[in-house]
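Two complexes come next, and they have one chain in common, subunit A, joined by subunit B in the first and subunit C in the second.
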Partner chain A sequence: MSKYDAIVIGAGHNGLCNAAYLAKSGLKVLVLEKNDYIGGAAVSRELEEGWLYSNCSYVCSLLRPEIYRDLNLQKHGLQVIAYGGSVTFTKKGDIFGGYSDHDLSRREIGRYSKKDADAYVRFSRDISKQCRFIKPLLMRTPPDPTSFKPKDLNELIWLFKRLYGLGEETIYETIRFYTMSVAEYLEEYFENDVVKAALSGSGIIGTGLGPYSPGTAYVLLHHYMGEVDGSIGSWGFARGGMGSVSNALAGALQEHDGEIKTNAEVKQILVKNGRSVGVVLENGDELYAKNIVSNLDVKRTYLKLFEHGDLDEKIINQVENFKIRGSSGKLNIALDGLPEFPAMGKNNPLMHADMHFIDSLDRIERAFDDWKNGRWSSDPYCDTLIPTLTDPTMAPPGKHYMSVFVQYAPPKLATGEWTDKDREGFGKTVIDQIGEYSPNFKDLIVHAEIRSPQDIENEVGLTEGNIFQGELTMDQMFFNRPFPGYSQFRGPVKGFYMCGSSTHPGGGVMAAPGANAAREILFDLKRENIVPEAENDD
Partner chain B sequence: MTKKNKKIAVVGAGHNALVCATYLAKAGFSVDVFESRSQVGGMIGKRKLGEDYSVPGTAHLLSHVDESVFKKLNLKKHGLEYSAKDLKTVSLNPNGNALVINDDEVDGDDITMKEKKEFKELNKRMAKLAGFLESAYGKKPPRLGSDDRDDLFSLASLGLNARMMGADSMSDLLKFIAVNIYDVLNEFTDHDHLKGTLAFDAILGNHMGPRTNNSVITYLHQLTGGVNGKNGSHSMVSDGTGSFTKSLEEAAKKAGVNIHLNASVESISFTDDLEITGLRLKNGDAFDADIIVSGIDPRSTFNCLVGPKKLEAGVVHKVNNVRMRGNAAKLHLALSSKPKFKGMSEDELGQRIVYSPSMEYLERTFDFNKYGQISDDLPMEITIPSIHDKTLAPKGHHVLSAIVNYVPYHLKEGWKTQNQEYWISASINWMGWLQASRV
Partner chain C sequence: MLQQNHYLKSVYETPFHERTSELNILNDWVRWKDYTVPNSYFRVDLEYFAARNSTAVFDYTPMIKHRIKGKDALEYVNRFFTRDMTKIGLHRVGYAVWCDEQGQVIDDGTVFHMRENEYWLLSAERQLENLEVSAIGFDVQIDELTDDVAALGVQGPTSASILKAMGFQEIEMLKPFDIKHYSYHGEEITISRTGFTGDLGYEVLMSNSVALSFYEEMFAKGEIYNIKPAGLEALDLLRIEAGLLQPGVDFMIAEEAIRPGSTRSPYELGLSWLVDLSKPVFNGKAALVEEKKKGSKYTFVKLNINGNKPASGSYLYNQANKKIGTVTSAMFSPSAKANIAYASLHEPWKKEKDKIIAEIYYQKDLEWNRVMEEATIVTKPFFDPDRKRATPAELY
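Let's turn to the complex of A and B:
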C-alpha cells in the first residue's frame, strides 16, 4: 500500500505549486528535493554572513496573481514590492531611463529622438495588445492540434475564435510578431540606437538567441507579461529574496498537510506494466505512489530518471532534440556600501532600477556571437540590480547586495569545461564592465559569487543551466512544449506527469506550469478542478 | 464595359509579369506591358560579356517552377529549351573531397551508409512538408479575420490539408515552420559537409545564417516545384536562359499583349478621388488604363509609382517595413579553357557546383554580412553554362556564372571601387585556389 497519492520530484517553485494544489484537493502529497534547501532556482541563500542572495532568479513579477491570491501566498509570508524601471548607460557618459510611468518614459525617449517618443505610444499599445491576447492562455492546457477529441477540438475552436476576435489587422501583426526578431520589431518603430538597445534586452534574457534572431520578439513579450498589483510590465522584488516565493508555496502546501523531504535525491522512477509506481532515492529507499510528477526539465527527467527500456525510441529522440541551452551566468555581489554611478547621481530613483551597460543592438549581437563561438561575452549584456535599495532586509544596515544577470555565457567553453580560472575571467569581465561606470564599485566588493551555466546546472539541476528549462522558441512553445504530443503535462507512461518550466507556458517564476499540471492530474483522477483560470484584465 | 474595352497596364516585364499579362490577354482583356529595359525577362535572360561571350543575366538555374503554368502557356512551342535537366549538386570542400547529391542519393566525402540513410529520411520528411507548401502556393492565401465564405473555406482546407498529412507530419510542420535549418539538420545527421550543402539552399539570397530562425521555411521553399515534375530539381535553360525569356515573350505576343520596351514608368495616375486613370512614363507619355498590375517589388511600387501621399500612414509604414535586403552578388567570368576544381572530375563541370563546406562556415560568413562587412571567403553557387551550350563562348572557351552569397547591399563603410574589387578578388582567389583558369 502506498502512503502517498502523489510524489513530486523537485521542490522548485513549480513543483511546490503543483503539490500545493494536489494537497489542497485532498490528496496525500510528498515533495522530494535533492538539495538541503527548497526552492530550486527561487531561493534566498546566505553565502556571506549577513547577506541574502537571490542567487538564481532575482525578480518576481511573472508570478501569476491568481495563484498568489488563490493559495493565499501573502498569508504565507510573500510580499512583493514593486520597483521602477530600467536605466541604460551609454558609452558617451549619458544615461537613458526607462520608467514604469508611460509619460515619463516618453519624455525620456524624446531626449534621444522626437520621432521615437511618438513611436513609443504605438509600441506600447501594440505590445499590450499582444499581452492581452496571450495572458489567458497561460493558465490553460494547450490543445493537441492533431487530436480529434472533443476537449481538444473545443479548445482549438476557442483559440481560433479568440484569434479572430482580434480583427484582421491585429491577426497579421500577431503572426508577424511571433516570427520576428526583437531587433527588427523594434526597428519598425524606433530609429535611435540607444532606445532600441534599451528596449531589446527583455527579448534575449535567458535564450540562446541574439537580438537579430527571429523569435526573440516573443521572448520580449514573455518578459513583459509580468505584473505587480495589476500593472502590466512592472517588476517587483520578493521581500527577503526569491526564497520567499518558494517558502510561501511550501507554506501553502503544508497548510494542506503536504510533506517535503530535503536531501532526498531521486535516482530512478519505477515503471511497472507501463505505469509509474514509485521512485528510488539515491540512498536506496523506495517510495511508492500512484502518481509521479516531475518538476525537473525534460532532459533530466527522461534521460536520467527513467530506465532506458521503459521509454520508446521516438520519445527519447524527441527528448534528445529538445533545445535547452545555457546562455546566461550570474554574479551575486555583497557590497560594503552603495556604489556611485556618476552618470546618474546618487539620489536618482533609477538607482533602484535594472541597470544595463550596453547601448547598441550591434553590441548585444556581438555579445551573442561570442556565445555562439563558445566564449562568454567580452562585452556582455548585464541586467544589474541593487535589491537592497528597495528591500533592506537582504544585507546588513548600510551594506548592499547586487545581483548581476549576465547574458551570454555558454554551458561549455570552446576550450572545454569551465575551470576556476575561466570562472574568474568571466567574473572579471563583468566586474570590469560595471567598474567602467562606477569608479568606487570594485573597492566595495566584500564577496562575489560567480556562477557559470555549469554551476547552475550542478547545483539547481537545470540542464545546461538554461533558466527556462528549454528555449522559448516557436518549436517549443504552447502545443509544442516540450514536444508535440506531450504538451498536456502527461508523460509517456500512465500516472506520470511533468510540471516544470519545460511545460506550457514555460520559464520564469510564474508557477503556471505547476498549476496547469495540477489541473490535468485532478482531471485524470476525476476530482473537481480547483486550479484558477487566468483573470480577465480587459 | 466588356472585357475587350477594359484596359490593363502591367508594369515591368519580369517573368511573373509576363505570365500574368498573357493570362489576362488570353481571357480577353487588352493588355500593355511597360518595361524600362531593352529586353524582357527581368532577372532572367541572356547578357553579353565582352564581345564574344554571353552569360545568364541573373538567374542561372531553373528550379521550383510551377510546370502547369508552362504547359498552359505552351512555352515549349514558343521556344523554351533546356540545355540540361536534373542537374546533380556537386559540393566542394577545401580538402578536395567533393560531395555529390543526386536527388535523394548522396555520395563522396567519406559519407557512410548510415548518413546516406539519414539523408533519405530527411528528404522524405521534408518533401512531405514541401508538398503542403506547394499546394498552398497554388491558392490565393485566405484573408485572416475575414468572415467571407471563400476565405473561411480556403483557411479550413489549409487546416485540413495539414491534418491529412498525418499526425506526425503535421507536428513536423508546426514544429519546424519557424525554426532554423541548423537545429533541424543537426537532428538528422552528423555529416558537416552534407549539412553545409543543404543549409546553403536555405540561406541563398536571404539575409539569414543557418542559425537564423525561419530558415527551414526558406529551405522548404527550394523544394517546391521543379522541372519534369521532380521537386527541388535544377535545370539549365538553353541560350543562357534566353530561350525562356524568348518563349515568354512569344507567348505573350501571341496572346495579344503589347510589350513596350525602353518604357520606364514614372508614376500611376489617379483622379482626385484616387481612382486609377493610367500610367505616366518617364519620357512624358501618358497611357490610359482601367487596371494596373505591378510586377515590381512592393516598396518601389508604393513608394515610387503610387507615392506615399496617396496612401494611408499605416500602409506607408507597412510598405517600409517589408524587409528586402540584398545579400547576393553575381560574378561572371570568361575562361580560356575548361576550369579545374579540386576534387571534381571534368564531366561534373556541367553540374550545379556549390561551395559551402559546413554550417559553421556559413554562419561565420553571415556574421560579417550582419554587420555590413564582407568575409574574405564567400559561399557560392557556380554554373558553367557553356559546357551544355556551345553558343555562349568561342570554341574551347567557357563562361562561368556564380551567385556569391553574403555580399551586403549596404556596406557599412559604403561601396567603393576597392570593395567591389575586394569581393571579386576574394571569390576568384578562392576559385584560383581551386585551380580555375581564367582569360
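Let's turn to the complex of A and C:
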C-alpha cells in the first residue's frame, strides 16, 4: 500500500543526490521540502530585484566530481567555474596574497619571511599527502571497527593497508595532524604571523573552535582537499549561485521520474513494529513509504521528528551529546558598483579571491573568545567574495554581489535570543570591518541580507545554524559520525536512513553523504550498486 | 614584395600585440605560422572558464584568409569544396573540407559568403596554389589577405552584450553562422556568429588600421561583462569539448603526408555530411565515390573514457587485446567532468559490438603508471549548451 519506495525528508543537495540515485536505480521516490524552494543551504535566491544571492553556502570545490559526471549535472545546468586565490588585508595597509600559482604564492610569502617562503614547499607537500590519504575515503562507507561482518573486515583491512602505505613517518604525522590545532600545525612550518593567520582561516570556518583549539588542523584539510578539475585546493563558483548545484541534482532526480514536493514540512516519522513506515506532514497528510531517508541533521531528525517512545534512550542520549554548535553568520550584499580596496588596486587578480580582514592568530583567537562569551566577534574573521567579478549571472552588468561568511556568531547571545536589533548590530560590525579597507563600500550598499545562526536554523533547518550539520572533530568523524554504531547511514529503526552532512564524510556541499547513503539503501534492498566509486588518485 | 631581410623577424607581431603583450603576464607565447600569439595570458583554467562563463578574446589574426571573388565564384567554390556550396546563402558561413584527387582531406576551414560573388576561406594552411589550380576556366580572382586583415574571436555567454555595448546594432539577432558588415571608425568590419569554442561567440574581421582601437574599446566596454583575454592552450580545450577537429592534430594534412595510409578522407573523419556526391564535379569526387562503395578504412569517434587520466596518444584495443586505433586529442573536460577524447579506429574494430579499451600512461611523482580504461562512443559534442543556438542571443 506504500505509494513510494522511499521518501526523502529535506530537499537539500544531499537529499536530492540521495533521491536521484534511488530513482536512477528504478525506485519510486518522493522528496519532501518544508520551504517553498528547494536546495536547503545550497540555494540561490533573488531577495533584491536583479541580484541573485548564494544565501548560505557560497563556493564549491568539494562536490564529488564522480557524482557530477555520473549524474550528468552539466546537462542539468551546472557549471563550476574556478576562481583564484585568497587575500588577507593587514592592519599596516598591505596585503598578503595567496595566489593559485605556486611560485607566485611562494614569492608573496617571501615578502613577509624568506624562510616561510621555502617552508611553503614542504607545507604544500605535507597537506597533499593528507589529501591523498583522505580523498578515497569520501565516497566509501566507514567500516564498523567492532563488527566481524566480512564487509566491515574487508573495509578495515583496506583502510589499514592504505594507512601503512603512507610510510612510517607519515603515519605518525597523520595521527598528530588529526588531533592538533591549526595554529600549532602552522607553527611547525611558518614563523610570520600574517602568513599563519592567512593560512589558518580554513581551520576555523564553520566550527565552534578557535585556531588554538585541538582538532582544527583537520578542518583546514577538510577545506583543502577540494579541487576544481584536478587542481587540488582550488575553489570555484557554481554559475548562478549554489542553488545551481541543487537544481542540477533535482534535474537528475526528475530525469529518473523522482518527485519533489515543496511546502511540505514533515512533522513526524511514523514507526510501526520497529520499522519506519511513513511520515506525517504539518498539514496532517500522511504519506507512506517502505523506506524513509532524512537529510536533516541528527538533532532535528531524532529529537523533533521521532516520537521519543519509538527510540531507545541510548540513542537519544547520543543525539543530545552530538556537537552541532552554530558559530557562523552570513551577509549577502547587493552593491551598486565595485568597491575599491586601495591596499591592492582594482586590477589585482586577488579582487576575484576570498578576502579576509584579520591578520594575526591572536586576533582570530580573540574573535573566538567573543563567541564563547555569547557575543558575535567584534573583530570577526570574514570570508568575503565578490562572485560577480567572475559570474555574470548574479547581478546586472556593473553591479556586484558580495558574499560575506562571518566567523564567529553564537546561536544564542549572552543577552538571550537574537533580536532584530542584534542582527542589525551584527551586520554593522561586519560592514564596518570591510569599510575600514574599502572607503566606498558602504555607499554602494543597495540591500543586505543579514543572517544570524538563529536565522539559518529557522529558515534552512540546520540546528544552531551549524553549516556542517555537526562539528568536524575526530570524535564525530568517520566511523564515529554521527556517533558510534550509526556511521553506515542506517538509523535505529528498520527502513530508516540518514543522508545529510551529519553523516560521513560531513559538510561542505560534497553530495557524498547523500550518495553514500544511497549505496547502503540499495545494498539493503538487494539492488545493484550504481553509486560511483572515488576516482583513483594514484 | 617582402624585403630580403624578413629573416630578421622570424615571427611577426599581430596588430593586437601592443595590448596582448601587456595582458600576457605569463609572457607565454606560441608560434602560429608567421606570427607569435599568446599561448596563455594569466591562468589557463581561468581563460578557459572565461569562454564558458563570460567572454574570452582570442587573437585569430594568423588564421589564413583567402578571398575568392568574381562572377563564377559560386560555381568555383562548388567545384573546390566537397559540400554543396549553393546551400551557403548570402551572409552565411559554412564549415567545409577539401580534398586531393585521392579524396584525402587537405585541410578544413570556414567559408564566408561575404557578398554577392565573393567568398572568403579561413583555413589553417595556405591554399593559394590549390585554389589557383582549381580556378582554371573560372572567372574568379583569388587573393590571400592574411597579413592585411586582423581577426579576433570573441567567445562566451556575454559576448553579444559586449558587442552590443560597442554599438553593433542587432548583433543579438545574428543566427549561428550569420555574417553582418558594420562600419567602424570609417572602416568596414565583419562580424560573424562563429568561433571555435562550441558556445555563443563571434569572430571579427577588420583592417589592421582599426584593430588596436577595436581591441581597446572592446576591453573597456567589456569590463563589466567580465571580459578576459585567452590563449591557444585554453582554445584547444574548448574546441575538443565542442567536437571540433584540429588539422595537423586530428588528421594529417594530405599535402604534408609522406607515408601511405596516414591521411584520411572526409568519411574517415566523421564528416560525411560535408560530402555531396550528387554534385557533378569536385576535387576528389571519383575517389570518394569509390570509397563510399567499398567502405572506409577508418572511423573517427568521440570517446567518453572511464577514469580521470587523459588518454593522450593512447593506443586503443578491443576485448581480444587487438589494437583497433589511436587517440588523436584527449583531455579531462572541466565542463562535463568527463575524460574525453577523439580517436581514429580501424580493423578489426566493428561497429557497436566491440569494446574499446584505452591504454593510458601517466606520471605520479615521476613514476610512470599504466591503466586500461573502457571507453564508450559519444555522438553529440561533449559540451553543447542551448545558448549556442538561441536567437536572439543571450544578453546580460
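Just so we're on the same page, the second predicted complex is superposed on the first by the 538 of 538 C-alpha atoms of A that agree within 3 Å, B and C clash if a C-alpha of one lies under 4 Å from a C-alpha of the other, contacts with A are read in each partner's own complex, and residues count from 1 in each chain.
By definition in this document, a residue touches a chain if its C-beta (ideal position, glycine included) is under 8 Å from a C-beta of that chain, and two chains touch if they have at least 3 such contacts.
Source: prediction; values computed, not measured.
Following the overlay on subunit A, a side-by-side fit with no clash is recorded for the pair subunit B and subunit C. Touch criterion not met for A:426: it reaches neither subunit B nor subunit C.
After superposing the two complexes on chain A, the angle subtended at the C-alpha centre of subunit A by the centres of subunit B and subunit C comes to 130 degrees, rounded to the nearest 10.
Judged by the touch definition given at the top, the superposed model places A:381 against neither subunit B nor subunit C. Judged by the touch definition given at the top, the superposed model places A:51 against neither subunit B nor subunit C. Contacts of A:437 after superposition on the shared chain: neither subunit B nor subunit C is touched. In the overlay built on the shared chain, the residue A:69 is in contact with subunit C alone; subunit B does not reach it. Residue contacts after overlaying the shared chain place A:145 against subunit B, while subunit C stays out of touching range. For the three-chain overlay built from the shared chain A, the minimum Cα spacing from subunit B to subunit C equals 21 Å. On subunit A, the positions that touch subunit C within their shared complex are 65, 68-69, 73-74, 79, 81-84, 100-101, 228-231, 234, 239, 349, 389-393, 396-398, 535-536, 538.
Residues 145-146, 163-164, 166-172, 175, 178-179, 181, 184, 188, 209, 212-215, 321, 323, 362, 365-366, 369, 372, 473-475, 479-480, 483-485 of subunit A touch subunit B in their complex.
Against subunit A, the residues of subunit C that register as touching in their complex are 42-43, 45-46, 49, 52-54, 157-158, 161, 224-226, 307-308, 332, 334-338, 364, 369, 383, 396. Against subunit A, in their complex, subunit B makes its touches with residues 143-146, 163, 167, 170-171, 174-179, 183, 187, 211-214, 317, 321, 323, 363, 367, 370-371.
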